[in-house]
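Input: a single structure, listed below in structure tokens.
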Amino acid sequence: MELTIQAFGIAKDILGDRKTMLSMNDGATVADLLALLNKEYPAFQKLTSLAVALNEEYAEKEAVLSPADTIVLVPPVSGG
Amino acid sequence: MELTIQAFGIAKDILGDRKTMLSMNDGATVADLLALLNKEYPAFQKLTSLAVALNEEYAEKEAVLSPADTIVLVPPVSGG
Amino acid sequence: MIKLTDQPININEAIEAAQAEGAGAVNVFIGTVRNKTQEKQVLSLDFEAYDPMAEKEIQKIVDQAKAKWPVIKAVVVHRKGHLEIGEAAVVIAVSTPHRKASFQACEFIIDTLKQTVPIWKKEIFEGGEEWVSAHP
Amino acid sequence: MIKLTDQPININEAIEAAQAEGAGAVNVFIGTVRNKTQEKQVLSLDFEAYDPMAEKEIQKIVDQAKAKWPVIKAVVVHRKGHLEIGEAAVVIAVSTPHRKASFQACEFIIDTLKQTVPIWKKEIFEGGEEWVSAHP
């Protein structure tokens, strides 16, 4: 399946764009996505943390991804 | 000696006026003043507390009064 | 800035007076007149202050706060005279480099002000009035 | 009221929105842009927000605060885009019947906001820039 990943903050800088297309196997999880990102873009390994939001909510590592989801990379937040 | 006592809040209501003249023996202390007030105006006995300020500072019970002092009765404060 | 005033408190002015270069945080406390004390309906309030001593005591509290926390600026404005429901009785604004100290210093100032500063509040009810905290 | 805005925050408006009948206390926290982080001279800041999720996360924090304390109204306004030194990045205003809860609820909201809300701060230095907290 083809997934569209949105990225903010330093995650956008690492991917080089706000939106990135990734090919993953059907049934892939948030954990699989993070593994893929860490492999393809080693700069992610240096971050303090990297969370994934699905449909505007923080997702568990076991959550299964679908092309219909809004998938967003959330690097360490620093608001306030 | 003749002392001028100023009073605020409920202390003013008890004395009936902002300023009151009292006759006390030379060498009288804050404790003596409070004892006199409690005797002459029993309503003071019902207050949660009654402090005396001498020259714009809270005074100890042992402080000696002088006609030159600015003597102020400070009933329980309730600012804020 | 320490001020006792019989005019409505300008909250914006108090906050601006607390802003400072190097400050990353400003904490502001606004104490307002409530329409109820326990079960009684409060119609309005009168504040009486022993002005010169009140200002000195507030200054002492601000000095204590500055000794305990890295306070850059502290502003305390207290209203006196007659207040209607909803009006601000006191505004405290404290700037510090980081946020935790701004909360702690501001809370220390209002807590201590209520214990030591010679200001008295009279609540006016339907058919009566009462000096707050005067009696046990 | 929860708001993300690319315009300067109107502090007065935020405070007024938090005022409420029955409130005896309003606590306000203002986070401003400092000119220094550790030893580096900060020239300006950029805030980026994932708006819809940020608003949802702020709402969750406000709901948690209301479950823990008797919050009457809570206002959270966060700036985004480019900020100059001294500008307000965030303003939080919380009204409660009594003062202690206003301090606690306001501090809880800013502390939790900094941990969970998807907003990112980039500090701009002489000759460089850096996403805050991105690296250990």
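Lettered A, B, C and D in written order, each chain numbered from 1.
Simple rule for what comes next: a contact is a pair of C-beta atoms (placed from the backbone, for glycine too) under 8 Å apart; a residue touches a chain by one contact, two chains touch by 3 or more.
Given the structure is predicted, the values throughout are model-derived calculations rather than measurements.
The chains other than chain C, grouped by which ones touch each other, come out as A, D | B. Touch-path distance (fewest steps) from chain B to chain C is 1. Centre to centre, using the average C-alpha position, chain A and chain D are separated by 26 Å. Here the spacing of chain A and chain C, counted between their Cα centres, is 49 Å. Centre to centre, using the average C-alpha position, chain A and chain B are separated by 72 Å. In chain D, 31, 99, 110 are the positions where the chain touches two or more neighbouring chains simultaneously. Residue positions 80 of chain A are each in touch with at least two other chains. Pairs of chains meeting the touch criterion: A-D, B-C, C-D. By the touch rule above, chain B contacts chain C in their complex via residues 6, 8-10, 12-13, 46-48, 53, 56-58, 72, 74-80.
Contact residues of chain D toward chain C in the complex are 11-12, 15, 19, 21-36, 85-86, 97, 99-100, 102-103, 106-107, 110. Within the complex formed with chain B, the chain C residues making contact are 31, 47-50, 52-54, 56, 78, 89-90, 110, 113-122, 131-136.
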